[in-house]
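Letters A, B and C name the chains as they come in the text, with residue numbers starting at 1 for each one.
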Amino acid sequence: MRAVTTASRAQGPFRLTDEHQMLRDAVRVLADDRVAPRAAEIDKTGEFPEDMRRLLADHDILALPFPTEHGGLGGELLSICLAVEQLSRACATTGLILAVQELGSLPITLAGTDEQKERWFPGLASGEQLIAFALTEPEAGSDAAAARTTAKRDGDDYVIDGSKRFISQGSVADLVVVFAVTDPEAPRHQRLSAFVVEVPSDGFAVTRVEHKMGIRGSPTAELAFTDLRVPAANRLGEEGEGWSIAMRTLDRSRPGIAAQAVGIAQGALEAATAYARDRKQFGQRIGDFQLVGGMLADMDAQTEAARQLLYKACVEIDAGAPDASRWSAMCKLVAGDAAMRVTTDAVQVLGGYGYIDEFPVERMMRDAKITQLYEGTQQIQRLVIARTLLGKAD
Amino acid sequence: MAGIWVHGESAADGSLTKLSTEVATLARSVAEQLGGAEVTGVVIGSDPAAAAEELATFVPKVLTVKEPTIADNAAGMIVAQRLAALVEANDPDIVMTGAGPEGRDVAGALSALTGWGVLANATAVRGDGGGAVATHSVFGGKLITESGLTGSKGIVTVRPNAVTAEPAGSAGTVEEVAATGELQQPAVPIVDRLEAETAAAKIDDARIIVAGGRGVGGSDGFGLIQELADALGGAVGATRAAVDSGWIPYSQQIGQTGKIVKPQLYLAMGISGAIQHKVGMQTASTIIAVNRDPDAPIADFADMIVIGDLVEVGNALLAELRARSG
Amino acid sequence: MRIVVLTKPVPDPASGGERLLPDGRLDRANSPAVVNGNDEYVLEKALKLIEAAGEGEVILLTMAPESAPETMRKALAMGATRGVLVTDPAIAGSDAVATTRILAAALKTLDFDLVFAGVDTSDGTAGVVAPGVAALTGLPYLSYAASVDPDEAARKVRVKRITADGYEVLEAPMPALISGTQALGEPRYPSLKGIMAARSKEITTMSLTDLGIDGTSVGLDGATTKVVDSRPPEARGATKVVRDAPDEAARQIVALLAERRII
């Protein structure tokens, strides 16, 4: 009999444990008290918030993705996502700091040797060092396998040449995971290898930092590699394993973006609801008009649905579900679309006030858009899901 | 026939506490409901005479025990041991105490020493079916329960303001009883005594309380609260927010982790009425709130809510009260 | 220094779900449990003391249904070292007398310098268990503490006890039992590190057999008190909302006070 759902790996009917709730509440308190007051300014200045990075480091939040034996807290995917969600509810840029720390370090977690983990994890777990994930290139976005950056073996080193574009935190990271072609003749998905580049380094340059629609405090960089030498000991996994490492990374990191999206949506929902309670027109609060109340109801339902799917996806992925890619893609697809819809409606509820920067919803709407674009566009997510449904073409 | 004992507590100056006069009054009505049970007061202290004499105006007979060690040691455990010995010798059925800190310490230790159950924090007590039935407010006031003893013996601790104290028609007798036996529990010496910084009127059994919350804005703001309390002849209370902000001492705090009070009037100035505070005052006979926010939770259970600025309304109320008293 | 902290899981006062079963016991399934508010203050004090000393243990002692480890997690996340849970189906429905006996018996199996307890609990606020445990164990009893100052070298502890007029400063040798109040200081929020570390902290369980207590002498069957009735509180009546200017509002307040013969 064909299963109606594959949601079966994780134990028991799903609920957040007391530990998850404590963790979520601890981050929420921090987000409300220390992060939220900074959010508007971060967006306005477009500067990377060092103070927020310091805050996350001091409170061990950046230690969540790392194993305890390397100074981390050994958090599972759900714990990390709960933290990203709470931070993003206050400030999408700050939530991204944790999400990118997880994204960048996943290749090491998945394919690094014990020695490599020993070398890099302590600095990352303490928050002293930041890590970035450099896969995308000017000519290789959705088609990541078409990367052109090369890594040529030379004695005990590899020499990297090329460029990467749209790299989150690429200009503030201390470590950059670079995917480069080691064998141009190999089949498509075996051409790439993954390397950890320690920055600063001769031959490494940040050539551009983008001016973006949203998440303006997160520097999105173009990186150039010219005769950049990297020791072979910094290669992750085998030659040719790069593509596989990248895909397995995204399977685990996409929930982080879904968490950011759910957080943004929640923040927008709360702002819109508070406004609808206070604002009076025609002698009553506008939330009591059905057209407005109906919008808020939809926003709430969509956010909650995205949230529950995200939490479920996290526990299924952590429990080793064989269709982890599908869970990962689904939660990111649903959450990203929800965030865009909810934030757009939030602006609508506030009317003219929603359009000006005196209120946070216009920023949230600008922030939400990226969740439909990075770590795989919504269209890519759909391809992943369809492929799981239909199986391979004959 | 049941014997009901009333444990009388002494205040620092040696007089009987207001709470004990209420417990004594309550004991008499319970005794009547039980078909005329015997009521006996007990006062145990280093100098129990004054309190005993006063208790004798409420009950027909008072036993006193002079226990010199109470002068310089924590009283609760010592009183409980002496009381346990008396209970064993005289075999009453019910021992009633106040449910303040002193009464609870005594009741808890007495329960352990005698094995008797405790009907605790009673807001009302009646005699029914041969025994005592106590009324309690539980779960932060969400539920009222009544409970009784499964056996024939038990202890009842009684909250302040359960009844209005009423002396009996005639004065009772006072009989001194010698303390017998060694005190087994370790004595805990009092090495120092510190007076409270402010001689604030006690809220525990105040008839009228004027309380300030976050809306008061600062310790200066409590000056108005004090003036109102003085004009009404009441005591000053506060929410936890005000105490945490350092505007007023913890001894004035009302709520879940502070005191639970049952005054005739609770005037809440700038208090939202969140559950943690509500449980401390929701059984007040009359609750009047002054608040800028018409949606504050206190609006749900106050008898009257004045929407306005607490300073303006407070000053207007002061003027009105002073005009009345002329 | 070893400090045992008596903690009790109580229905979350904020949840609104508390209700009684037909036999008068609390329906624990209907409301989520949290650590009793007052216990958190004494726990915080215990944690501060061992932090200041640079060494020591804070041991939680709880008598509760088997599901209690969930509420102990928060206390462990705050920094307690380990937990001891006394649990047994026969305990259900125990009154204060039985609770006191069980906790006293459990304490006899532990080594400690101090025992801390909250002055009362939010789900019964009896305040009689701590003095009862002191009487059964023969420990010096110092109650209503606003401050606790142990001197480990001298094996003594000083407590400022809140009284009606101020404070009594009490002193006792260790080991001693202290009941504490909110005045001991705001409980810390568990850190992320603490929350994650709590998962690997030890909770040992003890049954009534381990304590040598006969099951029929406790629980509902052994109770010395019983609930005979329960009802919702009387509704207060409608709230009069006054929006007038201060002078008129003040007149209305005074009118109500006069009507109710308060002034």
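Keep this in mind: a residue touches a chain if its C-beta (ideal position, glycine included) is under 8 Å from a C-beta of that chain, and two chains touch if they have at least 3 such contacts.
It should be emphasised that the depicted structure is a prediction, and the values quoted were computed from it without experimental measurement.
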Chain contact topology (line, ring, star, complete or other): line
Nearest-to-centre chain - CA centroid comparison: C
Pair sharing more residue contacts (C-beta pairs) when A-C is set against B-C: B-C
Inter-chain centre distance, chain A versus chain B - centres from mean C-alpha coordinates, in Å: 58
Mean-CA-position distance for chain C and chain A (Å): 43
Interchain centroid distance [CA atoms averaged], chain B/chain C, Å: 20
Touching two or more other chains - residues of chain A: none
Chain B to chain C touching residues, read off their complex: 11-12, 74, 76-77, 80, 99, 101, 104-109, 111-113, 115-121, 133, 137-151, 154, 157, 184-196, 202, 204, 208, 232, 240, 244, 250-251, 253, 256-258, 260, 264-265, 275-276, 279, 283, 285-288, 294, 299-309, 312-313, 315-317, 319-321, 324
Chain B contact footprint on chain C (complex, rising order): 11, 13-14, 16, 18-20, 24, 37-38, 41, 95-97, 100, 104, 119-120, 122-136, 138-144, 146, 158, 160-173, 176, 181-183, 186, 223-233, 236-237, 239-243, 245-247, 249-254, 256-257, 260, 262-263
Contact set on chain C toward chain A in their complex: 70-71, 73-74, 77, 189-193, 195-196, 198-199
Interfacial residue positions of chain A with respect to chain C in the complex: 17-19, 22-23, 25-27, 29, 59-61, 63-64, 68, 73-75, 79
